[in-house]
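We just call them A, B, C, D and E in the order they show up, numbering each chain from 1.
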Amino acid sequence: MNGLTPSTLYLATAILLILMGLAAVLVKRNLLKMVLGLSLVDTGIHLLIAALGAHPGRTAPILDDAKYLADPHTLLARVNLVVDPVPQALVLTAIVIGVGVTALMLSYVVRLYARRGSLDIGEIGRLKW
Amino acid sequence: MKQIFSLALLAITGWLLWSLVPYGQATEPGPVSSHYIAHGLQENGGSNLVTSIVVNYRGFDTLGEVTVLFLSVAGAGFVLRRRSGQRRVAPRPSSEFVQTGARMLFAPMVLFGVYIFVHGHLTPGGGFQGGAVIASAVLMLLLADRDHHLPHGFMGWLESLAGFGYVLTGFLGLAIGGSFLANKGVLPLGQWNRLFSAGVIPIIYTLVGLKVGTELSTLLDVMVDSGRDHGEADAHGQKGGAA
Amino acid sequence: MDLASRIGWTLLSFFVALNYGFVINGIIRKVMARIQGRFGPPVWQPYIDLGKMAFQRNSISHGIMFWLGPVFRAVGGVGLYLLMPVVMGDPRLYAFTDMGDLLLMMYFMFFGSLGMALGAGEGGHPHSPIGISRGLSQMTAYELPFILAVVALVAQTRSFDVTAIMAAQQGGVLHWNLFANPLSSIAAFIALLGMNMYAPFNIVGAPTEIPVGPMTEYHNAYISFMMVGRSAFAIAKTVLFMNLFLGGAHSVIEAVVKIFAIYFWTVFVGAVFMRFRAEQSVRFFLRWPAALGVAGLALSLWR
Amino acid sequence: MIIVDILICLVLLAAGVGAMLQRNLVASSVLVGVVSLMVSILFLRIGAPDVAMTEAAIGAGLSTVIFLIAVRRTEEEEQ
Amino acid sequence: MVNPILLVAVPLGVGFLLPLFGKLGRPVAVAVHGATILFTTAVAALWLPGLIDGSTAPLDITTGGWSAPIGITLRFGLPEAVLCVLAGLTALASLAALTPREDAETVGRSGLLQLLVLTGAFGLIMTRDLFNLYVFLEISSIGTYAIVAFGRDDSALEAGFKYMLIGAAASTFLLVAIAYLYKLTGTLSLVNMPGLVHTAPAGALAIVMLFLLAGMAIELKLIPVNGPALDLYDGAEPGVMALLTGATVNGVLFAFWKVSALFPQAWYPVLMTMGMITFTGGNLMATMQDRPRRMLGYSSSAQLGLLVFLVPLVRTGAVPMLAAGLLLINHTLAKSALLWLAGVIPGKTLDDWTGAFRSGFGGRVLLAAGILAITGLPPFPGFWGKWTVVTSLAHAGMNGWITALLLGSLFEFIYYYRWYQRVQTEDDSRTAARPVAGLWDLFGPALFGLGGLVLGLVWTVRMTGTPTEAVIVIAAVGLVLLLVKNLPALVLNLAGLLGVVAAALWLGRTGALAPDTLPGLFQLLILGGGALVLLAGLSGGSGASGSVPGLFMILVSSLLMLARAETLLQFFAGWEIMTWSSYLIIGHGRRGPKPASIYMVFSGAAGFLVLGGMMAAIGAGQTTLAGLGMLTGSAAVWAWTLLGLGFLVKSAAVGAHVWAPGAYSESPDLFTPFLSGVISKIPMFGFMVAALRIAAGNLALVTDGLDPLWLLGAVGAVTAFGMTLLAVFQEDAKKLLAYSSVGQVGYIVVGLAILSPLGWTAALFHVVHHLLFKGLLFFAIAGVIMRTGTRTMYEMGGLIKKMPLSFISTLIGIIALSGVPPLAGFTGKWLLYQALLAKGWYFILVLVMFASVVAFVYLFRLIHTVFLGQLKPQHRTVREVPLPLAVTQVLMIIGTMALAVYPQVLLRPLDALVRGQFQAAALTFDGTALVTATGATFNPTHMMVLVVILFVLMALGLLVLGPWPRKVGQLDIGFAGELPPPPQELHYAANFAQPYRRAWAHLVQPRVMRFWNAVADGGGGAVDLLRRMYSGNGQTYVMYAVLLVAVLALLGPGR
């Protein structure tokens, strides 16, 4: 396991999650399973973004310790103490958006099921060509 | 066959993603994030940098995010809309024990949620997390007492006003700070690590928390029982074929 | 030459030509009869017919175009003759040929036929339009070899002027287009068979099928007019062929002989063949004569 | 301490595979929730407690609940 | 000026409160909603004037108090302002269109979604931050997902779900790309990221860009990932799709524009290829659609593809942004209008559109305007956009792209005009219960139609210069007549006539109508022909009422514009307006719609060929008609070939003649004379002012190998002959004349191709003369059709007794056409043959001479079958034509006779004209005689005198021999003493040229028609296979997204 950085591990896991989810979307015929797959993809994406900001040994970007409050010229020193907060902000947003999309998709699934009586993706191909 | 082809194509996507991994290793933060880390505390007064970014530096994103949630809840309601004259299904009531437990736990959970977003600028968590906790409390109530009606009127008012308040705060920033959603100059930044610090960030996060909490609760409510109709189950066959 | 003497000479020339036409007509009937083993009418029979017809009153008319039909016919015949130079180098016999050239003659040929067809059409008898339909079909067909032949000649002289074409044929019999340009000439002379509408191309009148075709409803004075027109037309056409292919004429006698020769070519052929059906006739002209015409044109261009 | 990470990753990937292979949709939904939960732990280890909380509350909690509701309103078994 | 951040903030705030307003009642909510949209639109619109004239600088808006790259910034410049105004207006009109359609389920709920969709679009348009862009993209997408559930049709649900699936894939790709872009550049702001992106490692950048492009491609609905979008158009409420078109789609496109700054130049060809594939392919696949809504979807996809294609070109400066902007505005206006109108028609198939908008006010006019605009016809802005784009491409030498673009545009013609054909078709069994467009339904289309028209007119003036007042007067009269089209035909035509006469006087005073110049001559023809048609129209009848007079005025004005053109653009603009206005008029015939749409497709092809030829010239730096003469080398060859082909197609030369008989015969009867007499001459004008100038200027072109001029002449001769032959076999009087007209144009082509003074004199003489005699024939036949109610010749007969004037007109017409002396037809033929002889084109000479002989068959047939023979019992009560039509005919008879007696009245100006063109004379005039340069003479006046004298003499003779005979009844014929059968059986008329047909049978098979049908069927089959890629399965669509990534990985520049 030499040379395996945490970043690589996280990224690899994220990629596998994404691929797993996409595979479900591409192969599974059940609508709910497809939405579940997309949920996995979402999770993978979140992990991927966060992993891009990962930096082993650095702490969360919360400056609640007095050591961060030293005089102004050490301001820049903080940069080397905490991880990049931007990807975290992005993931935060992405998670909320993701749940919104998931909820909407599920309401579609529920409505489609009510109308068509099936969860088979093949059943909703009435519009084509 | 098609599935194998699909998976083969997917493999190419995977290979592309994998070739990006070497570029994803830990690096020093770029100029923008360095600015946040170095000056975030001074400029916004909140010790949680993520919150500073979410609410102030990238506050416009967050407004959008709230909108997304609002939109998907409205959308879910729109998609699952009830036909006119359609009646709710009378559900089977849960046991009294569960109902009582749920009611007892409801208040503390909501309070916990409020705590999370009120302290968003100081500790991990914020409007979204707090809102989610509140929604969980509502969920519990909904699950325990299937006949429970959310106070839709109150929730609606709260949701609308919280959202409007958020935009209004933004306008406050525009009027006073010269920029939409500006923090600086609108309220004093206060002292480090105090509850009443970081300018409008706690206010915004509170509003976000209220809004997200009510929105997610509405979402659950919508998912649980709108759009159900009696004829649903037996109408499948014909409806699937016709139209 | 002043206009008055020109008109005078022209009238004279036309009078002679008209009579010559009647005489030829009479001779033809006689000859045909002999070929068929009959005795035949006298040579002056056309004069008898003309007199009889002209002095019988017209009894009925189907309308103004019907009435004008023979007039058109006569104008077409006379007018065409007036455009022909008959004897080379003799302006007295050039009539009004300076008004235009070969093109004018070719197009004026249609004048009489068109008017006649219109008049016959108003007659309201079904045989008339049947005859006209056949006639038009055949006309368009024989025009193709004729046009090809004419263009072949024109291509050599680079002019539509008939006198120029005549001039180009001087210097001996072998300079006649008939010999200088045999392919085109043969094509043209086959076309002439169609133009003159003797067998096998007599489909317009086609006596046993559509009694007399376009003329069905006509009688008496109308017919006399048509006879005049037709006679003049026949002579004029023959003069044109003479000028185009036989080097023109240097004297009236030469003209008389050549005209007779050309005229009889069609009669002799007609005495031998059975009548074509309309579409056979069309196909016929569009095949061999047209092919000859194309060859002739190519030949004259190649030279 | 990367071993811990590896273990978490293995667990979450296993949960993911299980979620996709499991034909019972309730189980599947729960397993997807488990994946989210594991990921939220990873977030904590990355140094992102805010994200971890959100992922746990929304990704692992709320999403799973919505899925379960949807499953109940449709069919529980994949066909 | 108001801060544009309000564009996002105010609708958001109102949106949050909208549920509360809803509690006060639906009207309140709708009013607040409408007021909000109005407010935002006004805010954006207020910025426009300053931004347009440059007095206001684009504004950078900060949020949170931070400027880029620390905070999220937005930008508000001219493009943003325009897009925001467009989006606002679309939202307003959609609100108007959708509110009445809300049913009990959706009431009060869709408003919120509409407002938020609009907000999302504003955000997308203004934001300058990559991640913020993603957020707004999601707002827009989720808004879309939600709002498509509007309406009761559950196919919308299905479409929405598929759209969400592929949208999720797009979000995934985009997020990966955005995250890595942040990682690689350290910023998210689009203000500084483009400058930093090049510092990133190339290997990483290639893959990141690939994902970015794949994600954007899905959002932009490019082929092959546009399947769900197509389903959406198919299934969702059209009003909703209009909103998405005007707001979201434009927003996404503009977002792509901003993102495109990140792409290295190596990616540009990829972007262009994807865009063009979508444009051409989308239009191609749309041709097989029988569901108009889905067809609009393909069209939207295609239009977006075109804009995507332009993005890299605008980035490099090869194409001005303004051009892309015009195309975008045009698409928004037209497509939204069409979608709103589509919302009125409940059914989804083409059949449901039969006779749509027959009643009610203006629905059909607006539909026509929308279709004209979207197919890029002037004066709508799309035309100017496309022109600018194509000229820019020509300057850059991108001829392949031009070809693809024009091909795609042609496909667009095919399906849009087939659609409109269906609308124009009147089928009483279907049209009885047609929905009528209400006032609110027409609000949006009218607003956007007017907007498009005004913008287009502004651009017309801007790009072509102010047209002369006369053109404006005529066009304005036309527009007014369109508005008051319900007035009686008398009023409409009189107004039109006055307009034309006024314009003619005006132009005549300025000396523009001098017949010794090409433009002057053609303007005379146009005005004269137009006046005659309007004069005849005073009598009412087919093609003289309703919107026809108005359209006719527009047609006349376009022709004047074309005739007066100095630049290629002016010429082409006039050409295209001519095309559509004549198309619309033809469609007004009883059975006109189908032939009209065929006409339009061939005209479209002709137009694009002409445009292609012009581009060859423009690429070589020549933008004026006069400049064409200076072209050399391959530019000259291309310009000559394409222009020539275009003009030939438009003149229905052999091979492309299939459009003509239908269009001529089915067009309104009183318009056909103009179609035949004037419009068919416009390609000839084109030859003279454009194509042949090139040939004249390029001796090399003429001498190398096969002489192209000879080839042109041969095409003309074959056309003349072939069409004449086909005319012989027609039973329909107008079809006969139609083939005849096309054949006559063949003669003109021959004359022009000779490219000698005499040849041109012959051609121009024929141009004018053909207008007179063919107009006479068409008017006479129009009168007959008006009175008898049939066009089939054998159903008539003997009409000479009832309609003597019409008979005389026809008689003079056929004599003039046939070329029999003494009428001027012979003069024209004589000139032509002399020119051919001088040129030495003997085989062509033979062919045209032969053709003119064959013409006798159909000419006699025409006059005989209609006027001679036996009168039918049902026509016993037929009267002569009404006075205006009679006057028109008399005028044309006078004209024809004048040319016959004294052709110099025309030949002298023509001689001056030709002298100006060739610096050589064609003819000299010896008294009344015409003498060519080679010495050939013809004296038409003497010929006429001779014939008249002979005629009078002979007639007198016949009178003397047989004074007036007794008139007898029509059945009093020699019938072997038997009672003749009824007139129907006596009239030998049907299949008149029967022996002729038998003889020619092998030659007159409808081979060409079969060829085009085979092209249509074969092409259609292939396209049908192609479009089956949209299998309707959401999974397959997602697979296409992954496929796109794979293809980009394997073929893109990053491999």
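Basically, a contact is a pair of C-beta atoms (placed from the backbone, for glycine too) under 8 Å apart; a residue touches a chain by one contact, two chains touch by 3 or more.
Quantities reported herein were computed from a predicted structural model and do not represent experimental measurements.
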Spelling it out: a chain qualifies if it touches chain A and also touches chain E; which chains qualify?
B
If you take the chains that touch chain B and keep only those that also touch chain D, what is left?
A
Which chain is in the middle, if each chain's centre is the mean of its C-alpha atoms?
E
Starting from the Cα centroid of chain B, hunt down the chain whose centroid lies farthest away.
C
Need the most distant chain from chain D, centre defined as the mean of C-alpha atoms.
C
When B-E and A-B are ranked by contacting C-beta pairs, first comes B-E
Can you compute the centre-to-centre distance for chain B and chain C, using the mean CA position of each chain? Integer Å is fine.
104
How many Å are there between the centre of chain C and the centre of chain E, using C-alpha atoms for each centre?
53
Whole-angstrom distance, CA centroid of chain A to CA centroid of chain D, is 11
Please work out the Cα centroid separation of chain A and chain C, and write it as a whole number of Å.
100
Interface hub residues of chain E, defined as touching at least two other chains
131, 135, 138, 142, 145-146, 149, 154-155, 157, 176, 180, 182-183, 188, 1035, 1039, 1042
Which chain D residues sit where two or more other chains touch them?
48-51, 54, 58, 62, 66, 69-70, 73
Multi-chain touching residues of chain C, meaning two or more other chains, are none
All chain pairs that touch each other:
A-B, A-D, A-E, B-D, B-E, C-E
Would you tell me which residues of chain B are touching chain E in their complex?
2, 5-6, 9-10, 12-13, 15-17, 19-20, 22-24, 27, 29-33, 35-36, 56-61, 63-65, 67-68, 70-72, 74-79, 81-84, 156-157, 159-164, 166-168, 170-171, 173-174, 177-185, 239, 243
Per the touch rule above, chain E residues touching chain B in the complex are 3, 5, 9, 12-13, 15-20, 23, 61-66, 69-72, 104-106, 109-110, 112-113, 116, 119-120, 123, 127, 129, 131-132, 135-136, 138-139, 142-143, 145-147, 149, 153-155, 157, 176, 180, 182-189, 201, 203-204, 207-208, 210-211, 1035-1036, 1039, 1042-1043, 1045-1046, 1049-1050
Per the touch rule above, chain E residues touching chain C in the complex are 798, 800-801, 811, 815, 818-821, 826, 829-830, 833-834, 837-838, 840, 842-843, 845-846, 849-850, 853-854, 856-857, 860, 863-864, 868-870, 934-939, 942-943, 946-947, 950-951, 954-955, 957-958, 961-968, 970-975, 985-989, 992-996, 998-1000
Flag every residue of chain A that touches chain E in the complex, lowest number first.
18, 22, 25-27, 29, 31, 34, 38, 41, 45, 48-49, 52, 86-87, 90, 93-94, 97, 100-101, 104-105, 108-109, 111-112, 115-116, 121-122, 124-129
Help me check something: in the complex, which residues belonging to chain B touch chain D?
48, 50-51, 116, 124-126, 128-129, 132-133, 135-136, 139, 216, 219-220, 223-224, 228
